[in-house]
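All chains are identified by letter, namely A, B and C, in their written order; residue positions are counted from 1 within each chain.
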Amino acid sequence: MDTQKHISSAFDQDLTILNDALQKLGDLACRQFEGAIEGIATQNEANLDRVIKGDAALDALEAEINEKVMEVITLRSPRAEDLRYVLVALKVAGILERIGDYARNIANRTKVIITAGNENIPGVNIGRMGQVTQDMVRDALTSYRSRDAEMALAVWSRDIEVDHMHTAFYKEVLASMSRNPNMVGTGAHLLFIAKNIERIGDYATGIAEQVHFLVKGVVPDEDRPKADKTSKVVNT
Amino acid sequence: MSDLKYAAQLDAETELRFQKIAIGLKKRRAASRRLKTYGVLAILTALSFLVILLTTIISNGYTALQQTELLVELSFPEAKLVASDGSLDLKKSQNFNWDGLVKKAFVSEFKEVKTRLDQRALTEIISKNAGYDLRRQIEKTGILPVGKTKVWIKTSDDVDMFMKGRIDRTIEERKRRLSDQQLDWVDDLVSFNRVRLVFNKTFFTAADSREPESSGVLGATVGSAMALFVTVLLALPLAVMAAVYLEYFAPPGRVTDFIEVNVNNLAAVPSIVFGLLGLAVFLGFFGMPRSAPLVGGMVLALMTLPTIIIATRASIRAVPTSIRDAALGLGASRMQAAIDHVLPIAAPGILTGTIIGIAQALGETAPLIMIGMVAFIVDVPATLTDPATALPVQIYIWSDSAERAFYERSSLAIMVLLTFLISMNISAVLLRRKFEKKW
Amino acid sequence: MTTKPGIAKAIKISAKEVNVFYGEKQALNEVSIDIEDRSVTAFIGPSGCGKSTFLRCFNRMNDVIPSCRVEGSIIMGDVDINNQQVDPVLLRARIGMVFQKPNPFPKTIFENVAYGPRIHGLAQSKSELDDMVEDSLKKAGLWGEVADRLADQATGLSGGQQQRLCIARAIAVGPDVLLMDEPCSALDPIATSVIEELISELQQRFTILIVTHSMQQAARVSQKTAYFHLGTLVEYGDTKEVFTLPKNEQTEAYISGKIG
């Protein structure tokens, strides 16, 4: 919070609490996602379990943030930038919680794949996609922390890369599945995992949009460039 | 001090603070008790002076409420007074020697008084105006009583004073107003029940006179009333309009400031200065009649003007500006706002100020003396331009004269004046209360 | 829904470079503003910022204060209100005013409302006057409460009723503009809500300028908001924008409660 202090110090305190909570939620979500992606590579079941169990903390923190936002609206009547901040906090908290859910989902499915014992996971692509998406999420959160609208816009336009990777991976998995019918089960999970990562990328752009709104007062004008053509793919 | 300890436990700091307060409290209570005592003493002193004043005046004046009369038997000569139709002929009455009739009748009752000197001494017992009074009495009824009639006539002022106990028998005859012989005659009359004390109606129905027993305050009262009537008629509208102008219309600047300073200062100018002004301007320049209530009223109006202006301005200022703003906001002109809204609300204050100003004017002597209302006027004035005198001036004149009887009359006149002043002030208070409740 | 900036209303009053001085001290500095017709415009700002002074320029109430000097032009129609040739008495029949503390005259309810029409000679007969009074009281939302006691003293009404009476009194003269100087600051919250509701009804007929200390109130009742600070007009725009995305830092700071 770099802006001037409010006359009401209680108001400043509330905003600080909100900010800290969002920081914490952001860190948790990032770590959950990182843990899930790492788990695909290392196939360490213990780590994956930790990710799965860790999701409860995110849910709880998001609920706290919701409470706090309602309190600030009721008691402090925020206006102008304060109002935008509070509304953005609400939305970003929701997004981060869902990112956490997807991370948990990825971990769950990874565990199933490992249990099934299939090593033929085209993990390299997933790993790269995961990495790019992780960077997006982290950068989005940084832009939120520093209220940097330019950075947010940059994140916003990186999503197209993730979309490309997703489409490519999708085709690869389909090809794998058609070549090797045993792989269908694993393949299906992989498709979901990839989809989740792609969704997390979308969420990262969502955070970036909110940051833009917070700083400039409007969401970015132009249509975001999209390149997710998976809905059009039938077979390779 | 148990009343200071609300809480069961107090920390050291609070204890100390309460102790300091307790000590201070004692001093404060003592100081306020002293102050109360001083206040009460001051009031008692003032009250005692008031009591002394009132007691002196009343004790001197109450006897003037009575007049000594004595009984004389006489018969009226019909031929000299009656007209052809049997009623009283006023022309004949005018030429008739009433005085002689009364004196002769009186003297005839004292068979032993023979010498002229003695007879003169005897007639000094009755009022010099006895004949005139009798004539007025008979003329009022218009009928001449037939045969021997008993009439009550006023005694002279010296006998009057003696009957009221104001003449000391025991001092040397040379120093007394009544000789021993005269006193004996009076004692005689008293023993025959031919002397009585009646209510002094003359005091309230007659104007000034050379003889105290024939004098009254009516002339002065009417003169004062007329003058005050003129005062109110002139001063009230002028003052209210001047105040409204100064409050609402005068442009801020040197001229307005000058006027304001002068108005405030005029309220403190000694009243005799206004008398001089009246003398020079009204009498000298305009040639108005001297001693007239009209001129007296005009001079008093000048004197009262600043008082009423100041009271009116204060009342106008006491009206909340929001009322005026509301009126102006609706599109009322400044004059409409003032007349429709401000003045009605300010009216009680203006009224009070006016009554107080009039009460002040009622008691003013110096300016009226300057314009000549100090003359000896024996008639009750009938119009505003008739010569008249005013009540305080009348008191001044009487208190100056030698006769003891005038002294008691001036005290009674003071009581009359005070009664008027008190009733005017009371009415001011009552009116104010009545109007304030309405608003 | 929100009105898009494209739909512009007609301009009712246009103030240009208004400067106001109390003696040597300058209270308003080059204020220019266009007031929209049939809308509510709120003037907000900290104490002493000149908003009430500016409001009073519109009906020349500043003339009453001897040391006050108003420069600049305030154009309504084709007349410059601030021109000394314009008669303030006539002006105030077109621009009415409601004050901070309810100030009914110490007369009957009827007399209060009838005073304006009476002095301007608007009613030809007693029955016409009665109708005008009834109409104004109805428009002010007070008729139902006082119809059977028009001869009662106005000072016997409650605070909120008195203020509505003052509004009725002002509109009885038939103005097209209403100036309101913190009309609710002396009232309790419920009376305040009633008056605010009244304002949004009146707005269909009158152009309303309201000075208010409460930003909530400005946000609730107005379509346009002007923020004043130390005699200068800092920002003027659609209320929604001023309260969500003010263009000026100072405005932002005031609205968020960062400066008093």
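Following the convention adopted for this analysis, a contact is a pair of C-beta atoms (placed from the backbone, for glycine too) under 8 Å apart; a residue touches a chain by one contact, two chains touch by 3 or more.
These figures come from a predicted structure and were not determined experimentally.
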Subject >> Both-way neighbours, i.e. chains that touch chain C and touch chain A >> reply: none
Original post:
Looking at C-alpha means, what's the farthest chain from chain B?
Top reply: A
Subject >> By mean Cα position, the chain sitting nearest the middle >> reply: C
Subject >> chain A-chain C separation of Cα centroids, rounded to whole Å >> reply: 52
Subject >> Gap in Å, rounded to a whole number, between the CA centres of chain C and chain B >> reply: 58
**OP:** Go ahead and note the Å separation of the Cα centroids belonging to chain A and chain B.
**Re:** 104
Original post:
Of all residues in chain B, which touch chain C in the complex?
Top reply: 251-252, 320, 322-323, 325-333, 336, 340-341, 345, 439
Subject >> Footprint of chain C on chain A - complex, ascending >> reply: 3-8, 11, 77-84, 217
Original post:
Which chain C residues qualify as touching chain B in the complex?
Top reply: 59, 61, 64, 66-67, 89-93, 96-97, 99, 101, 103-106, 115-116, 119-120, 166, 169-170, 173
Subject >> Residues of chain C touching chain A in the complex >> reply: 215-216, 219, 243-246, 251-253, 255-260
